[in-house]
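Below: the structure, in structure tokens.
We call the chains A, B, C, D and E, going by the order they appear; numbering starts again at 1 in every chain.
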Amino acid sequence: MDKIAVVDTTFARINMGHFARDELSKCEGHGERFEIISKTVPGFKDLAVECKRLIEIDGAKIAIALGMPGKADIDQVCAHEASQGIMAAQLMTNTHILEVFVHENETDSADELRRVCEDRARKHAKNAFWILYAPEELAKRAGQGVRQGFEDAGPVA
Amino acid sequence: MDKIAVVDTTFARINMGHFARDELSKCEGHGERFEIISKTVPGFKDLAVECKRLIEIDGAKIAIALGMPGKADIDQVCAHEASQGIMAAQLMTNTHILEVFVHENETDSADELRRVCEDRARKHAKNAFWILYAPEELAKRAGQGVRQGFEDAGPVA
Amino acid sequence: MDKIAVVDTTFARINMGHFARDELSKCEGHGERFEIISKTVPGFKDLAVECKRLIEIDGAKIAIALGMPGKADIDQVCAHEASQGIMAAQLMTNTHILEVFVHENETDSADELRRVCEDRARKHAKNAFWILYAPEELAKRAGQGVRQGFEDAGPVA
Amino acid sequence: MDKIAVVDTTFARINMGHFARDELSKCEGHGERFEIISKTVPGFKDLAVECKRLIEIDGAKIAIALGMPGKADIDQVCAHEASQGIMAAQLMTNTHILEVFVHENETDSADELRRVCEDRARKHAKNAFWILYAPEELAKRAGQGVRQGFEDAGPVA
Amino acid sequence: MDKIAVVDTTFARINMGHFARDELSKCEGHGERFEIISKTVPGFKDLAVECKRLIEIDGAKIAIALGMPGKADIDQVCAHEASQGIMAAQLMTNTHILEVFVHENETDSADELRRVCEDRARKHAKNAFWILYAPEELAKRAGQGVRQGFEDAGPVA
């Protein structure tokens, strides 16, 4: 059975991994074609190596890396480092790792932050599923201004 | 038959991959010497690994990676990460990947944005063709201030 | 017996490695299941290669890299380079390296700086232990806004 | 016969590769000990992989990569990415690649821009020759404030 | 006999390599346990690959890379690229490379610049010696606020 990896952090202030796992569990073939493996690491700079381990050691076919950069300036630098690590891990493994970062400063509202986290995590979980099993779903949305976390921007008018 | 890979995104608000494929389909040898393979990924940070997969797993000889960074500050950081990934993918595969990014904030006009996308995508598709099959076309334009998306700057007067 | 590596610097103005080693020495299995190996390098840009050497040459299963960036602007650039190196070392070895950096400018108080160093070093030492031997401790704290150095931010209200 | 690679771009507004090749053709051993191989790529972000290909596939012993970043802010980011690529290509091949970038905004004068391009390209071509065949020429200039493009800064008074 | 590599540049305005070699020549075991190998490259972005060559081709056990970034803004970006290259070279070779950079703008005084260069170069030469042959000298200075170029900051009061 294929494996889809979900990795999140103790640093995030919302359980982002839950949304990703829940969405995947509703996708066709869950428990038959693919199963979910999951891991939690301290912070988002630990995501890249954990995803790489789950791909190379545990055999995951794709990974979803979820993190929540804080509000401080230094958090933006750290997020950049975490992203570069996720990029490198993808290239070293020839495997997609979908980065699902929600910056705590994207909104001032706790409710909206939760909505952004859930929407972004669920949509990227679906993207991971499509990359593996239904690439035509992505192909038909090419250039459509698709967004995760907020409403689609849509194609240029 | 050689393969030329075209990879675009669902995030972009204009179907950039279409222009690249259309231009390649008019190049000499299409369908005989080379064919086009194509893939759509969610965002531009997913381009690098997809190009690398198409090169290493599917055997593409060159790739064209098309993306449209948004207007937010964070989009510029992400574009930088995406570009570094494309750079790394090239070096790891010894294969050219032409990056065709059109920043949404290059212009305020929807019409001009479309023109920039089409022009840049078509010209880089031609560049990809020349790199593979007609390097002398590039050599004779060395230092000529050639541009994609806008008019050539031309040589220094 | 497993090895946990602790690497610190002569540049730091507080003996951060001491706190990490002390915490690890209180963890279950110290001296039986795992032992601590330790090294001091001049500055934080020397941490990455030393951690990699302790992992690849000495066989450490995980590493803790402790450093204290100074107050100057150039120190922030150097910290970024040091972090990128630690990220790369993790990916090249498929091994976690927990980065424990305390920026000298996080606080103006010498006492608080000491408290931050001790708290962050001890908590990440415990994180290293959990990653190796008790990943369920991390999993149950997913999305809980856990912090090192300061109080937990906690989950979004 | 050894090969020295010269790679330039169609983006540059001055034929920088010409100066490098001309200088190399006057160096001792040209046509006997070494020959020049040359390639033109679209932009400076394509330089790194082309140099790496000429080193690894065509057997070049050293490469000279010439580019001209434009005046826009985004050009500075791209130049940084191009430089990082050239750095990585060197490390992956254990081969020197001399980066000869002339920023279009180094001067407002077209004449001076041409002089800078010619001077920098010629001097780095000579440096490439010295690295391969006369390292003592470099050793005796250690710490002498040598510059390319402009006059030497000279040693600190 | 072990080899310690010293690499400097023609760009620097002070002969930094001289200080490093002089210091090493006074260390115990010089000429018996270890010898110095030395190379000069044009600029600091050429240091990383040269150090890597001396490690991998000539067998150096450690390297010291000395450079002097200029005063212009672009020099800071280049210094960052040079540092990232040195970091990568260390990780690719599992070998320490001590970066000894003196920014020309660290001081306005030519005399002080010379003192900084000499002090930093000599102290890092000693650090290189200690890493190889006397790691306990570093261990006992852990967290002591040791500096090179200027006076030690000392431990936090």
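List of remarks:
Going forward, a residue touches a chain if its C-beta (ideal position, glycine included) is under 8 Å from a C-beta of that chain, and two chains touch if they have at least 3 such contacts.
Here the structure is a predicted model, which is why all the values come from computation and not from measurement.
When the partners of chain C are compared with those of chain D, the chains appearing in both lists are E. As for how the two copies chain C and chain E face one another, under half of their interface residue numbers coincide. With centres taken as mean Cα positions, chain E sits 25 Å from chain D.
One inter-chain figure worth recording: chain B and chain E are separated by 41 Å, centre to centre, where each centre is the mean of the chain's CA atoms.
The set of chain C residues that touch two or more partner chains comprises 84, 88.
Following the touch contacts around the ring from chain A toward chain B yields the chain order A, B, D, E, C. Chain D contributes residues 8-18, 38-42, 45-46, 48-50, 52-53, 56-57, 70, 74, 77-78, 81-82, 84-85, 88-89, 92, 110, 113-114 to its touches with chain B in the complex.
The residues of chain B lying in touch with chain D in their complex are 76, 80, 83-84, 87-88, 90-91, 94-99, 103, 124, 127, 131, 135, 138-139, 141-148, 153-157.
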